[in-house]
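Encoded as structure tokens, here's the structure I'll be asking about.
Note that the chains are named A, B, C and D in the order they appear, and that numbering of residues resets to 1 at the start of each chain.
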Amino acid sequence: MSSSQLLPFASDYMEGAHPAILKRLTETNRTPMPGYGTDAISEAARAKIRAACQCPEADVYFLVGGTQTNATVIDALLASYQGVVAADTGHISLHEAGAIEFGGHKVLTLPHTDGKLRPEDVDAYLTAFAADGNRDHMVMPGMVYISHPTEYGTLYTAEELRRLHAICQAHKVPLYLDGARLAYALACPENDVSLPLIAACCDAFYIGGTKCGTLFGEAVVFPQKNRAPHFFTIMKQHGALLAKGWLLGLQFDTLFTDGLYEQLGKPAIEAADTIRKALQEYGYRLFFQTPTNQIFVIMANEQLEHLAKKVSYSFWEPYDDAHTVIRLATSWATTDDEVHELTRIIKELAQ
Amino acid sequence: MSSSQLLPFASDYMEGAHPAILKRLTETNRTPMPGYGTDAISEAARAKIRAACQCPEADVYFLVGGTQTNATVIDALLASYQGVVAADTGHISLHEAGAIEFGGHKVLTLPHTDGKLRPEDVDAYLTAFAADGNRDHMVMPGMVYISHPTEYGTLYTAEELRRLHAICQAHKVPLYLDGARLAYALACPENDVSLPLIAACCDAFYIGGTKCGTLFGEAVVFPQKNRAPHFFTIMKQHGALLAKGWLLGLQFDTLFTDGLYEQLGKPAIEAADTIRKALQEYGYRLFFQTPTNQIFVIMANEQLEHLAKKVSYSFWEPYDDAHTVIRLATSWATTDDEVHELTRIIKELAQ
Amino acid sequence: MSSSQLLPFASDYMEGAHPAILKRLTETNRTPMPGYGTDAISEAARAKIRAACQCPEADVYFLVGGTQTNATVIDALLASYQGVVAADTGHISLHEAGAIEFGGHKVLTLPHTDGKLRPEDVDAYLTAFAADGNRDHMVMPGMVYISHPTEYGTLYTAEELRRLHAICQAHKVPLYLDGARLAYALACPENDVSLPLIAACCDAFYIGGTKCGTLFGEAVVFPQKNRAPHFFTIMKQHGALLAKGWLLGLQFDTLFTDGLYEQLGKPAIEAADTIRKALQEYGYRLFFQTPTNQIFVIMANEQLEHLAKKVSYSFWEPYDDAHTVIRLATSWATTDDEVHELTRIIKELAQ
Amino acid sequence: MSSSQLLPFASDYMEGAHPAILKRLTETNRTPMPGYGTDAISEAARAKIRAACQCPEADVYFLVGGTQTNATVIDALLASYQGVVAADTGHISLHEAGAIEFGGHKVLTLPHTDGKLRPEDVDAYLTAFAADGNRDHMVMPGMVYISHPTEYGTLYTAEELRRLHAICQAHKVPLYLDGARLAYALACPENDVSLPLIAACCDAFYIGGTKCGTLFGEAVVFPQKNRAPHFFTIMKQHGALLAKGWLLGLQFDTLFTDGLYEQLGKPAIEAADTIRKALQEYGYRLFFQTPTNQIFVIMANEQLEHLAKKVSYSFWEPYDDAHTVIRLATSWATTDDEVHELTRIIKELAQ
């Protein structure tokens, strides 16, 4: 079934690339390039990312998708006997089909708070592990994984990120940030976590492309040089090394030219704000209060039947026998017309 | 260092996509699509591939790159205690950074003959394994892997493929064909192995896109329905599931419209033939006789120094203290001008 | 530091083997045997286990230790993309150092109730998974793991086991029972779960030896013939195949001669009952009510300091700032004198 | 079928333990001990091994069997993207059912010479890898594995071991020695490789127990302190941590008391020499010239039929249509009577 007739709010990866990217792809299509990201455009993209993150020594690599990136980075940073700490709602915990365990590593889950790990919970967990008399029979926490925005669309504060960093440092455990939707955090007025702050607080992070304007692609940043030796080979071993690596370099070079990456999410945030306001105005209940481009709303099952005829949305979870939580996602590609039409439908259904 | 000033013969993945693909990408860029290959274009591409392979029940999946595809398919078809039989020159044996072993499986190598597995060697190996009193302490061969064309640019004959099929059937071991460069086999006058024959002889195979006209992407075909249960999840687990799956569907839909895939390699074969003739005419020795788009030639190291200033080529292996084997590859994108210029340089160097 | 001067209540694996086993080991020490469990004594042991479990077609294998057994059985029964459902307190969840994940499989945890999985929770989980729209992006539950007695010393009822069996059957998911301490369940008056019932309800289980009278060793039973093809090779692959396999066969042959296995735990249960009564009489609080050979008691930290000089016990977890939960374990080897002395010390400390 | 009526020459693990071990097992059977090798006897055994190897800082661990030990040590020393170099006849290459690959690592094979790796071949391989332009797409050699005696019963010379050590040092690749049958090397007049030399040349090695006088067990030695951090946890993760660890410690403590380990193999070597002489005297052809306790002899298939009625031996490989290579193994337990009877049968069959 094609969803092309429906209003596209199912996810933030329903359309192709930002027009600036498509333009450059077209221009360079017949220019011969060396493979595997050794080309000049990829090198330029790396330099721009280092500058934007204010970490001039960083190693930067380009991979194709989020699950692949998480599995590869986590495998690179963990020793064979270590696991990765994550919120129970983390993408690596729930929705990566066991890609982390496929690499031999356990995901050590902590209960989430609004989709986030609380610094004090991480500290308590790492402290308890170190004190546990049975720790040598257990999986050692070798890394902390967070996502920003989270899978629930929520945001860490700068203060929380700094505390997580301090706690990880104190326990000698690296901190890794999954930025699949990072552009939507950066575009959000509430957000006070900048790229340089992320680079200062994390041992590794990735800047999401797939959901943020590229056709595909994620940029991994290790702020400290040679933090992950032989990462190129590890990428190859994970099937994560793109032959035509310049396709990734070119996309990120475009996103990091003239600050595009930091502006690209703005229409998505504005669209989401408009939709949230409309939902509340017309009496719907939000499941979470989220400031970014994902909206979680509780709808009567009867309403959903009507909605499904006109709007493509994501099922989230059952709420009760008569209601369901759904997710509506805006993106860099969301248009005013689409928002207008959606709010009209919402209003209609509320009556 | 950009290689854009050099004549591009280092590999067959130095340029972007066939213009027909780029055109469609541009046209559909802002059309909303559902994710993960569930879109209508991917479905259409699957139907066209089934038709071209004359296997109407086939399961068809799209992945991003060759190593990823090999690792995912091999993992899907092997039991945990089985390994995959391959030529010692096979891509999975040598140049995938241990991606197969990362999934827990041994690559069981047999000596190659011109880059190929000889059917009689495979038969002898499988027969010997079954008779070995220690076989329960050994890795059971659970699959045979071949590539067509091979890593050396050579081709299996239809007769060889039929014999391999019969041997695999007799031993109840699936046969898997890596078609990373399949378009160049199909375009080669010497080749008598068609897509329907491959589908009739193999339990799984992939139709290469990355080296054959797409930006990226490989199409996996399981001719028998449900031969690899839960392959979608296995792809996700391997980080091989593209969010914007329609990008892959669209590219293969284009290649399998009006027989483009089977014609696309012709200029590459003609170019390679011209270059081979020139090399021999000017007194160079070919390292292998190969009929497809890869040319392996022995050059004096002194000549190479000069060549490197004008041509981008691949180092293959040292030949002796004074000579080196290099690879020149043509592709769908190779132009007459490039061939003409290369033959001119070759002639010049020979004098 | 030797603990040999302390009263041995730290665990149920502090002494060697039941005297009957040691006697036979001594008798057969110089009798040549074929390797890897292909000997006649191992075969006799298998026959006796089949008889005791009333499953005449069962495949029986002998492995060395519990973690090894769990990892090998779970790997044998799961497909590569599946995980194993367990209580969050399960041995495989917490105390096997990631051995299951090392094999590529996720442990899917559910909250425990007294160390047990509740049948209704398992049903709800499996039902919810089947209904989850994102299930193809998640780890498929491919097995349910329980332990009997549990890690908390509690017991499933026959009714609960039958319900778990019915639920697993309905969802087509195998049920696996870890019987590391099974002898102590069988010796417990409260227990109504017999070996034949376990064999009727489970797709695989193991009969614990290490904690139940052998020097080492666990007996895996697959009640249905050929339920785990090539399990011998899988054992080898896991490093779990003992060269002198008859050492395992001999021990289990002894335990399953004249019903020794079912009687061996009785002194341990009686000892534990005596200790539990004493603890309660002298005003200590039990952390769990458990009927088997493990006793979990809350002690003041001050008391523990004194206890540690005379008794070897296990730290379990902190209770509050001033108290700690400890475990005392009895075993087949616990003597009346030891119990008497322990109760005397407990009384003394309480005053 | 019991082989107890046949003369036991099938392997060197057909009988139980050296009487001195059995005696101590019996004496300590009811002495309570702490688990997992933390007991005083294991500590004493470690001290004696350090002294015998003249490496006072060594970390020493006890594991149960050879395949398990190889898999655990190799996994501990390799990075995730590295493989282990071995002879194509190495135990890890052929007869461990893929245990190394199960841990994610490739076995990188080199052709053997009499079952050994030639130092110059290792040097050439490591040098070629470092020079290979494609090395980042390949499995990096992260370790060299040798066995002493080899699987073919042959021995490295002290000079060869020193050269391998120097080569490994030059390439910064650790050297690991599998000493499954080390006692038979140490007892062999030809051997000039001592325990201190092994400790001086290797980053890790194991002293075999299973084939050399224990019921089971291998002692891993890392001559440099903390060479394999968290090895205890890695053992647990591999299912290689024995609960009653003192059983291993006690056996090695016995073997390393009064130099027992270095003398124990002498009768086996003398027996093997007698048998080799008899075979040659009666006109049989040896397949290899081996100085240790394994004898490889070519027999007519007709002769084998008769031999099989009286002697338990190992099939090695077919020689030609009418002949087969078999292996006869002596051990610490081989008696003069058995040797006498075997030579009588051999003589008889030759006539």
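Quick note on the criterion: a residue touches a chain if its C-beta (ideal position, glycine included) is under 8 Å from a C-beta of that chain, and two chains touch if they have at least 3 such contacts.
Predicted model, so just to flag it, every value in this text is computed and none were measured.
Farthest from chain D in terms of Cα centroid separation is A.
Here the spacing of chain B and chain D, counted between their Cα centres, is 42 Å.
Chain C and chain D have CA centres that are 33 Å apart. Taking each chain's centre as the mean of its C-alpha atoms, chain A lies 50 Å from chain D. Shared interface positions of chain A, i.e. residues touching 2 or more other chains, are given as 80-81, 96-98, 102-104, 136-138, 233-234, 236-237. If the chains shown are joined wherever they touch, the resulting network links each chain directly to all the rest. Remark: chain B residues 75-76, 79-81, 103-104, 136-138, 140, 229-230, 232-234, 236-237 touch chain C in the complex. Per the touch definition, chain A reaches chain B in the complex via residues 1-4, 6, 8, 10-11, 13-17, 19, 22, 25-26, 28-35, 39-40, 64-69, 71-72, 96-99, 102-103, 210-211, 215-216, 233-234, 236-244, 247, 312, 333. The residues of chain D lying in touch with chain B in their complex are 80-81, 83, 94-98, 101-102, 104-107, 133-134, 136-139, 314-315.
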